[in-house]
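Structures follow.
In the two assemblies presented below, chain A is common to both, partnered first by chain B and then by chain C.
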Partner chain A sequence: MKNLSQISNPFNDDKVIANCGLFGMMSLEKNTFSGSDIIKAIANMRVRGNGLGGGFAAYGIYPDYADLYAFHIMFQSRSAKEQTESFLEGSFKIVAKEEVPHRYAIGVSDPPLVWRYFVETPKGVSDEYADDYVVEKVMIINTKIDDSFVFSSGKDMGVFKGVGHPEDIGNYFCLEDYSAYIWVSHSRFPTNTQAWWGGAHPFSILDWTVVHNGEISSYGTNRNFLEMRGYYCTMHTDTEVMAYAVDLLIRRHRLPVDIAAKIMAAPLWTEIDQIDDEEEKQQLTVLRQVYSGLLINGPFTVIIAHQGEMIGLGDRVRLRPLVAGIKDDMLYLSSEEAPMKLIRPDLEYTWIPKGGEPIIGKLDTKEVIYQNKPVQVGVNKDAVNIAA
Partner chain B sequence: MERVKFSDNGSAEINADGLFYKDMNKLLRDIVIAHNLEKVRLTNVYGQRYIGTNIDRPIKIEIEGTPGNDLGAFMNGPTIEVFGNAQDGCGNTMNAGEIIIHGNAGDILGISARGGEIYVKGNVGYRVGIHIKEYKEKKPVLVIGGTAQDFLGEYMAGGILILLGLNLKENEKHKATFIGTGMHNGIMFISGSLDKQQLGKEVGQIDLNDEDTRVLEKYIGKFAKYFGYNAKELLNREFVKLVPTSLRPYGKLYAY
Partner chain C sequence: MLSTLLPEFKIERDDSRCIRCKVCVRQCGFKTHRYDEEDDTICSSEENCVGCQRCAVMCPTNALTIKPHDWGYRPNANWSKDHFRELHRQAESGGVILTGSGNDKPYRIYWDHIVLNASQVTNPSIDPLREPMELRTYLGRKPEKVEYDPVNKKVYADMPPQVMIEVPIIFSALSYGAISYNAWKALLMAAKEAGTLCNTGEGGWPVELRGYSNRVIAQCASGRFGVDLDYLNSASIVEIKIGQGAKPGIGGHLPGEKVSSDVSLTRMIPEGTDALSPAPQHDIYSIEDLSMLIYALKEATHYEKPISVKIAAVHNAAAIASGMVRAGADIIAIDGIRGGTGAAPKIIRDNVGIPVELALASVDKRLREEGIRNQASILVAGGFRNSGDIIKAIALGADAVYIGTAALVAMGCTICQKCYTGICNWGICTQDPYLSKRLNPEIAKRRLVNMIRGWSLEIKEMLGGMGINAIESLRGNRHHLRGVGLEQWELDVLGIKGAGM
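What follows is the complex of A and B.
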């Protein structure tokens, strides 16, 4: 295994504290729009970051290759690119490849090479096993090939990230040229580790992406739990465990999002004790016992996305901010309300979600689910009546 | 674009569109001092922080839009009126003045305030009134028209917190839990139903006295005036009075 400590964390103490800015926007009608608005929104929260990391995830951007796995890969050397390409050729059928388009941008220096590859799994790999096959190959690139890191590996989506303010990174990767129906962005404020391109958010596996504000103090426990299940943490930043946790819980263990939320932001034992319904009590107890290794401890707010869904979730006692807003077909999630209003001045319906309660934007039903029921927009228009 | 428009009556308007918070706050302070203004209206405010900080005089600041975090932080004198929602940390360590919010406010409203008054028409977030404190005549007051989220009045060390619950439906309870956890001074008045298990371990419920009625008349009267309610109707509601059961709830925790 390659030594990551020198590039990502010279103190090698596995510890990161972050105080960041998050923004996500999704069209429940799958209308696509450019990256200009989200760049404007995340730039509005410039003071939440410090220019040492910015990134974006975009869904629905590769309609011509929608059935192929799109790998976004960062190389810190030419030889890393050669080794990775020969590995990809041996593992997949590469249908198309190119350097990810970029331009000179103020505030972005020493960028690594970032390429994208549209690949098919080999004939012998069944459809059912294809996702697991891709995860396995991503782990090999991340852990075995020096100077090569996979930004994202899902279908019809991609992650663009690097060191700089997010608006500068968005400009660098020409994100106004892409059309997506979900955009998620992150502005980073790393305090315990050196900033590097792979350490910027979003973190991703397959089409799952996670952006995070906070500090996961259970990182060591979570990492051990995930390593026993085939996920290797190579980015040395706490958020990475969240990406693998949602892949394990939702894709592999097929748990619904609200159950996954109850595992990561578990109800307090005192609350479980107060539940009258014996079945619910037992269910929550079992979840806390079976998945104790995926309880995310410490302050956090995350925006999790994959094809067809965008999810906002905060820790149980809300130690990091999250605001939600809805207008027409759009769901907005943000660390602050102001950027939502900046790009959508007619936005009236905003609320502060309860800690541990996910907000789920769902493409299949075109609904936003909060506290297990659809949010009805327009019912309560007066500010006083917007339910907390 | 004209940034600043002056009127003859000692007031001015600043178009804050696209202004970085430092530049906007400097502009605000500079024109208030240079022109001895009594009132400034800020328009197109989107997330600019620390508005009202460092202006030690009783001017009126009106805000259109969504002011950023720490609105009125360390504020000493001005009255701020927000025609919209406030974000987190509003009234942080405020000393004197008033903040009137016609929409909702976010988390830790009034954190560590040591004076001044805050009125919110709508709902508020987590940990509202955390560690507000009082000394002699300095006594911060928070009046909230809607409901609050968890840890209301956490570690409260003085002052008055009034929660009206006006948007609760009939028989609907406040949802906040851990109310008054770690509270060791000050008073909370809550209207709208609550279960005992929603309260923190450090608070107890007692009956209202005549002095309490006078306090409620004064501050709920102002709340009604600001947001167009009938004060009498509001005062007819039932209130629960919460006070700490101990002035030193953790005094014995580390003693031995």
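What follows is the complex of A and C.
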């Protein structure tokens, strides 16, 4: 088995320490738009990164192959590509493949090969089991095939990431040529890792992506909890733990996002004690009892996205910044307010969400949910603190 | 036969300070001091002195100094004072040397070789005076997951019984009989006030104190003293005692001198008889027998209470613990080599068992590797001296710790190790009414609650320093620990890195 932790965490620290800038934007009407705006926005927070990692996730970019799993895979050698391709051929039906388009760009050095494959699961794999099948294959590529790493593996979406400032990475991957209805971006400031393209954010499995700003002080506890449930934290990063926690709670345990948020950023016992409704109190108590090992402690903000949803969540005592903004059909989530205003000067409604309260942009109902109810801009005053 | 034993302690009385008030004479249950009316002087029989310091503390003029005797035997690195003393005693008596309290031998205390982390720069430390800091813990088996019902938008879990403690510190098994009624009552009251639990030990639970609080772990030990349905159902948790850290492999022995009428009533045995707990539970000769007793107790308590199983920390603790969990234990308690006792053969106390730090680390790891760590809470016991030891135990994987000796010390105990004699000048480990009334349960309770409060504040400070605001996020989080001065094998067992790495 290859040792990803050696690549990701070369100094063998407890884990990779990184702090960051985040930006996400979503059209609740599923209007698609290019990557130009998000590159501009994330570049505006350049001081939040140090050029050792930048990346993007985009949803709705492959409408022609919308029903196929789109694998974005990086290779650091030709032989890695050959091995991975033969593994893919043995595991899937490859409908289309190509190198991900890129251009030579300033600020990006030593890029690996990045290819994309549009694949179908084989006939014997039932629809129900297809996601698990894909996860299993991704884990094999990531842990067994040297010099290969899967950036993303979801349908009608893709992750583009690498070593460099995010605007340079965006430029390198020609993101202005893609049209997506959700864009998420990340600018990374790691303190103890060397340049490795796989280590940049977003982290992704299937169509789930996580970008993360924070340092999880509960890392060891969270990792124990996840490893007991079959996740191998091979990269020693907080974000990996985040991504697996989301996968366990939402995909495997089938919990809705707001409940997952109540686990990862659990309400305080003093808050639970004050709830009058006995049933609600009992619900929250049970969640904390069963999932105490997934309470994410320490500072964090995440933007989690998958097909049809974009979620912002901060830790329960708000030790990392998160700002939300709404204008027309657009939801913006960002580490800072300025970049939102930069790309949307007419943005009127922004607010700083409470710690532990998720903001959920939902395509199906075309709503933004905050504090368990839809945000109605201009009406729902307690939800929206007008930045003006 | 002439005794060849020299006194253990030397008593120095400053005659210019002594006012002949005779407090020391009355305070010493071992009859060390004696007033000579003719000479108006106080004489001391040093051979009786156990070094408990009661007389020195109570002396109004600080006229007394009690210190270990500096014997003039030829120094010998092999034959220590203790070896001499014990062999002389045995040559005189032909018996087994008894002792009380925990192992005092210099086995490595791993807590003193483990240091904690704190946040700097990349992660803010949290100030517990300004931010919430949570120590609440739930003991009991946890299900693998919750189920979500999308129609009602509710979560459901098949939740086994849980017992909440506000601090991860529980009063360990100290039986009524071993300790005085007042001391036992103080622990019961303190557990209620501090939001934690106390453990009955194997001495039963006086009936009149059952209505006062259910913050009790009722022990079911091999002697089954005081066990009936009401006893089991009055408690929050029932604990099967298999072993004790101070005397792994052997049973309990409460000398008949301590079996007063009240103790006999509570233990359901005749007054003045030795209360002998068999070495094994005679209905448990194997793991499947344990399972049957666990489920018998679950049946008896209507599946409303977690069942704990307590073992002494021994070589195969990890495998044994795994079996216990699979046998149905909701809580496993591990008592290490430094765990205390009211009475045990000294040779056992000093030589059998392993340090609890190592046992805890291996048990927590094994349960995780087998994917069953959620199925039981882990309690550890055996020599916890302060909040630093406790927080390190939690980072090694404990859910909460048992404190026995520390609780006794908070009440006034000076660890003179004479618990087995039935005489305790501090009124703690005795059934002599003249001695036991010295301990005021209200004041003893206050001292215990103060200790828990002080330690809680310290734990919160240390948690905050690590950037953590809930104790569950430290549980098993060994990344926050580093070893200093340990061998590689020890670091490997503890699952921690050396400092600087």
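The rule is short, and it goes like this: the second predicted complex is superposed on the first by the 377 of 388 C-alpha atoms of A that agree within 3 Å, B and C clash if a C-alpha of one lies under 4 Å from a C-alpha of the other, contacts with A are read in each partner's own complex, and residues count from 1 in each chain.
Everything below uses one rule, namely that a residue touches a chain if its C-beta (ideal position, glycine included) is under 8 Å from a C-beta of that chain, and two chains touch if they have at least 3 such contacts.
Computed from a predicted structure; not experimentally measured.
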Using the superposition on chain A described above, determine whether A:376 touches chain B (first), chain C (second), both, or neither. neither
Pick one for A:336: touches chain B only (first), chain C only (second), both, or neither. first
Please indicate which partner A:259 is in contact with in the superposed arrangement: first for chain B, second for chain C, both, or neither. second
Have a look at where A:318 lands relative to chain B and chain C in the superposition and call it first, second, both or neither. first
After lining up the shared chain so the two structures overlap, which partner does A:44 touch, if you call chain B first and chain C second: first, second, both or neither? first
Based on the superposed arrangement, let me know which partner A:79 touches: chain B (first), chain C (second), both, or neither? neither
Mind working out whether A:220 is in touch with chain B, chain C, both or neither, as first, second, both or neither? second
On the superposed three-chain arrangement, identify whether chain B or chain C touches more chain A residues. C
After lining up the shared chain so the two structures overlap, which partner does A:354 touch, if you call chain B first and chain C second: first, second, both or neither? first
Note: overlapping chain A surface for chain B and chain C spans 317
Using the touch definition up top, name the residues of chain C that touch chain A in the complex. 119, 122-124, 126, 131-132, 134, 136, 138, 142-143, 145-146, 148, 150, 153-155, 157, 159, 162, 368, 371, 373-374, 466-470, 472-480, 497, 501
Quick check on the complex: what are the chain A residues that touch chain C? 12, 14-15, 17, 19, 191, 215, 217-222, 224, 227-229, 253-256, 259, 266, 268-270, 279, 283, 286-293, 295, 297-299, 316-317, 319
Parts of chain A lying in touch with chain B, wherever the complex brings them together: 44-45, 47, 274, 317-318, 321, 323, 336-339, 341-342, 350-352, 354-355, 383-388
Residues of chain B that touch chain A when the two form their complex: 21, 45-47, 49, 65-69, 84-85, 87-88, 102-104, 106-107, 121-123, 125-126, 145-151, 166-167, 175, 197
